[in-house]
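In the two complexes that follow, chain A is the common piece, with chain B as its partner first and chain C second.
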Partner chain A sequence: MAENIKTARILKFDIFRYNPAEPDKPPYMQRFEIEEAPYMSLFLALNQIREEQDSSLQFDFVCRSAVCGSCGMMVNGRPALGCQTLTADLPEVIALHPLPTFALIGDLSVDTGRWFRGMVDRVNGWIERETEFDRASIEAPMDNETADKIYEADRCIECGCCVAGCAVANVRPDFLGATGLNRIARFMMDPRDQRSEQSWFEVVSDAEGVFGCIGMMACDDVCPKDLPLLEVYSYVRRKAVASLFSSGEDHPARREAEKA
Partner chain B sequence: MEPFYTTDVLVIGGGLAGERAAIEAAASGHKATILSLVPPRRSHSCAAQGGMQASLGNCVKASGDNANWHFLDTVRGSDWGADQEVARMFAEEARVAVREMAYWGVPWTRATPGKNSYFIKGERVEIDEPEDKAGMIMHRDFGGTAKWRACYASAGTGHSVLYAVDAEVSRLGIEVRDRMEALSLIYDGDRCWGAVARCLRTGELTVFAAKATIIATGGYGRIYGKYTTNATINEGTGAMLALNTGKVPLGNMEAIQFHPTGLWPSGILITEGCRGDGGYLVDKDNHRFVAELEPEKQELASRDVVSRHMMQRIKDGKGADSKFGPHIWLDLRHLGEQHLKTKLREIWEICRDFAGIDPVKEMIPVRPFQHYSMGGVRVDKDGHAYNMRGLFAAGEAACWDMHGFNRLGGNSLAETVVAGRIVGQRVAQFVDGETLDVSTALTEAFKKEQEARIADWMSRKAEGPSVYDIRDAMGEIMIDKVGIFRTASELEEAVVGIKDLLEQVKTAGLHNSKPGVNPELTFALRLEAMLKLALITAKGALERQESRGAHSRVDFPQRDDKNWLKRTLARWPVGASEPVLSYEPVGMLDLPPGERGYGHATRIPLEQSVEDYNASVAEAQKAAGKQDTVEPMGSQIQWGAWEQADTKAASS
Partner chain C sequence: MNTNTTTTSLRAKSVPRGERPAAYVVDPAAARRQVWLELASGGTGLILALFMWGHMFLVGSILTGEAGFNWVAHMLEEYFIAQPTVAFILLAFIIHAITAGRKVPAQLKERKVMRDLGRDLNAFGKGFPGMARGDARFQPHLESILWIWQLRTGLIIIILGSFHLLLIGADVFRATMEGGLGIEAVRSMDRVGGGLWMVYAILLICVEFHASIGLYRLAIKWGFGARLGRHTLHRIEQVLLWLFLGLGVVVLAVLAGWLPAPLEFLLKG
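Up next, the complex of A and B:
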């Protein structure tokens, strides 16, 4: 990439500004210009802007290596991790907005943390079991293929990009989103989890769950960890429909499935 | 938010250590509350990829492993700086802790029977794994261990373990206050009663009054500025809570681990695997200087040695230039596309995503970075802080002290959950007999103190250097003069330089006075304490006239058990302009001081007998502020059990 920047570009950042502590100042866009440098990510660029031009600018970075999920933001209209986005891959004018659907903390900082804790609490995002750990026992065996499969789904870093990019989540605040369905799938496929089909069904069956999803797969496109969200969606939906038939319950989704 | 909040156990830190401890307290029926700078799952623990040590012995290369082996490796790795009783408790409990994580849902990689193919010292080796271990937790090889012992979940061990532990926190309904920064402890003489915290959503202050308080705030690598692999939030705010009491000592702050290859300039860790597979380190003239200076081991010489050569090269003006400063090149091109995109896939991805580099065609800019802090809040084996009842610490923030002067890869993740369990239980026991006996006059006084600090910063307009300039200057001093290889003259310069920065902070101001959380203010509130930690690190390194583990003094190359088989304790009396250093014995010795088998060749032996040394420990540590532990000192040591680990087999 170094060769594309023979003469450094002057980057123009248009950044969404709003400080809830100054409620009478309406949101506005502010432009900052900085000279591009090699290997410049939005992590480096935004810190440079804050340290040299406007020290009140709010944004969140923790790991700066795409593992903690802190830095989701809209980059030229598309949800992405700031730390994983290189300016070299962007045009000269870069518009940055906070992720929609999450509560705004200020400027580019949003409250994904509470949203995700809420999601985990709603889907009981933990291993449901009757017993407690016995320190004298050795681990129950698991074949490595199962472990790998669970790990694949466990990789979600809760960045919220899929939620921000989802048309349904943007209009329905309680929709679980692709990450929520993925979390459900993660525990569904885990043999250590002792939930029955029926109890899973209760979690996913309403419009905030799998039947709310319109399957356009914007989420699958934007996930920075390349989670197979399309597969997840089909898996959860299949399971939900199956438990629906076995329960004999009347449900719009069942009628729809029967028609098909 | 309410300005006054009460709980039984206040846990400051939502990483692995803090959450695991909170679970223990909550499981015993106490109310636990967790504060964290960030949502817990974003804590730095999530970044650990490699693995977690536990001697389960589940594959051929791990067979015969047990807690004795793990104990031996840990004490040797520490260069005898560890408290051996704690190392023993750790080695025993790590096995339980890792299995508990399996119970809570961690998708540990599992053993597959039949032919497995591994890369061992750059060569492909086929090993038949036995049927009877099918599906058990698998191990991988890590440096400094006699057996394969690291348990791992693909390439995301820290992530998966943190998610499992945080899920348990949710299951138990433990309250988490994220974006909430503890600014000060509340204490009455030598009894801690919670903390004053600032909300990082609104900037408001809240008193969290608690019967017991646990500091689990992780490492503080950011005192090295940008020269660290640590996350941006690892700024030592936990150590400072303890330090600012003037009473609680920090232990061995000079014990800092470095890693030779962080991606330049971002500091993202590039694992050793790429050099293991044959990568070269070259300078700006494309010269393989490490191979020349270390003809035998070449790029695979120990971390410390490689790091020193790299820094020396940069000092000699032979580093490659970049806008962000000079660096060394890591050249992997000769390994070929096939190899890079399969075996070294993660490294290939990191280069692509964070440097826009294709290592198949281009060289990778790297430099040594600070990586791990062995030191921290000095606590006894129960996790109880010296000189302060009701204050505990666990995880990387604590100096418990199982790592001594060098921690082994994989031992720190294991420490977080082991210490979380053990310290959490002790905290629960402590709280059982206590009532919350704290006056609002006291809590208000501590809150007022923080309000005054904030008002003071807000009233100061920046004229001279900004808080960020001071931070950068600190980072340069630390990496340059308190780095990998240390000498008296450079350390003295560092002490002078940091003291000067401490003066500058007094007159520094802010560039904005916006209400609310104000990120510049948030950082400014941490800066003075970061400088204090930096000064303690430099002073401790200057005073310690020996080389031990990661602390390498060019002017004192030997390990000196005669004079320095002891732990540095640093306090900063309230109002003082300098820290006070003192020393205590490292703890009771079970494994007598000996050779590590790597690193420094020679040492000055202990003059005393081990018996005499051990007889002195209890009294000396008590004098340093250690409280009475629930069980007496030495009760957990399994005297001589390490002899059952066959040392000959280890070296083969």
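Up next, the complex of A and C:
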């Protein structure tokens, strides 16, 4: 440890500064220098900068353990979580920008919430049933494999890194992005959801959905939670093609409902 | 660097449960069209890429000398394999250019955003301590820049490929009408050695690159070979790229007359 301290680097942070509340002041990059500490994350570094050098610096953090999804930022041009990224892995000069594709709140802070709310509204990101939900009855069992798949998709923390790193989302504001497709896939897999393939088809298949993707695969690589976004993506694509050839009446939940 | 601060149009509006906001209601017919377009672009891409490999072996017959090359050309033309193939490939070529081209961003500003993002993602990790550690998170992201190169090579192929297709098409159909061989070793070697090798060298590099990356992306997109994993698929793509590129360079050198046909002894024996 002593060795670490002796050879501590002086980190140079180039941080994007802009406050939409002061539109007269154009955006600029501001440099801050701090001494690197062992196991320092961007979360620690930014807090130190705000505490010691500039109290007006805006950035978001809540959980500091890659669960809340609020500290997504562009680190040297790549979307990443501030809390998860250690300065030891980065070069001496660290450039920080807010995530593109989202509304800017100020400096590094962006409004991902509005985007995600809009996305969930758009894909109807909830379980839809035609039959009335009966609170009193015992819940239908689900097999382990399906439950695991749904859980995997549900691990998304909605940090927005996949959207920010997506070339299509960067030029087309209405593109659903990997997280949107992941959300759809999660309900496609859920046997409790009774939507027909046809109704999914409308949401996923237009140019702002799965077929807007050009396959650069950045979403899969930048995802801080290592979600299987490529698998989700090819799953949704295959589903879309399958629905082209189906009558839309073959959803498992629908079949069950008809049997009952 | 990306400093895009524009607001997104995915805005939250309060919507009754189970209904989609009016702005997001999509046209099922348009969605259905998208699926067909996607199938057409992927399907023609697959056909063209596989055809290019077959094509390489057919042209590669020059490695056995002029006699071998002429024999292959003669067989293909005599039994009317070449003629419909030329027409079919020309059609697939046009369909692919249109359907795959629909994803090319139209505005210069959009292309710049894509290019900058691709460059940043590709530069990230190079020389970083995290990269040396082997952490997957700190590896440069190659695919984004590859897509941009796929677009560029595609545009070059539209120009040079059309030229080649029309040239060979004219040769083949003229021969069908007037008799004789449309594709002939002497004529091909004369053309290539006479300066067209420059066009064909560029076309060769572009086609091999475009086809191998395209097949790789196609596999990823539809989940073929997903069990192999992306890393292995990429490795396979690389091997195929260099294999066919290397073969192509040798074939081109023989056609240009710089190299003697290395397999000529096969037919002489």
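Note that in this section the second predicted complex is superposed on the first by the 237 of 260 C-alpha atoms of A that agree within 3 Å, B and C clash if a C-alpha of one lies under 4 Å from a C-alpha of the other, contacts with A are read in each partner's own complex, and residues count from 1 in each chain.
Going forward, a residue touches a chain if its C-beta (ideal position, glycine included) is under 8 Å from a C-beta of that chain, and two chains touch if they have at least 3 such contacts.
Here the structure is a predicted model, which is why all the values come from computation and not from measurement.
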Partner chain in contact with A:Y235 - chain B first, chain C second, else both or neither: second
Touched partner set for A:P141, first chain B, second chain C, both or neither: first
Contacts of A:D89 with chain B and chain C, given as first, second, both or neither: both
Touching partner for A:Q58 - first (chain B), second (chain C), both, neither: first
Partner chain(s) touched by A:I157 [first = chain B, second = chain C, both, neither]: first
Touched partner set for A:G106, first chain B, second chain C, both or neither: first
Partner chain(s) touched by A:D121 [first = chain B, second = chain C, both, neither]: both
Partner chain in contact with A:V67 - chain B first, chain C second, else both or neither: first
Chain B versus chain C as contact partner of A:S196, first or second or both or neither: neither
On chain A, positions contacted by chain B and by chain C: 20, 86, 88-89, 113-114, 117, 121, 124, 126
Interfacial residue positions of chain A with respect to chain C in the complex: 16, 18, 20, 27, 74-78, 80, 86, 88-91, 95, 97-98, 100-104, 113-115, 117-119, 121-122, 124, 126, 128, 164-165, 167, 170-171, 173-174, 198, 201-209, 211-218, 220-222, 230-231, 233-235, 237-238, 240-241, 244
Sites on chain A touched by chain B in the complex: 1-2, 19-22, 37-39, 41, 43-44, 50-51, 54-58, 60-70, 83-84, 86, 88-89, 105-106, 111-114, 116-117, 120-121, 124-127, 133, 135, 137-144, 147-148, 150-151, 154-155, 157-158, 187, 190, 192-193
Touching residues on chain C, where the partner in the complex is chain A: 1-13, 15, 17-18, 20-21, 24, 26-28, 30-32, 34-35, 37-39, 103, 105, 110, 113-114, 117-121, 123-125, 127-130, 133, 135-138, 141, 143-144, 147, 217, 220-223, 226, 230
Residues on chain B engaged by chain A in the complex (per definition of touch): 38-39, 41-44, 46-47, 96, 99-100, 102-105, 107-112, 134-138, 153-154, 156, 159-160, 163-164, 166-168, 170-171, 176, 178-179, 201-203, 231-233, 265-269, 322-324, 350, 353-357, 362, 365, 466, 468, 510-512, 514-520
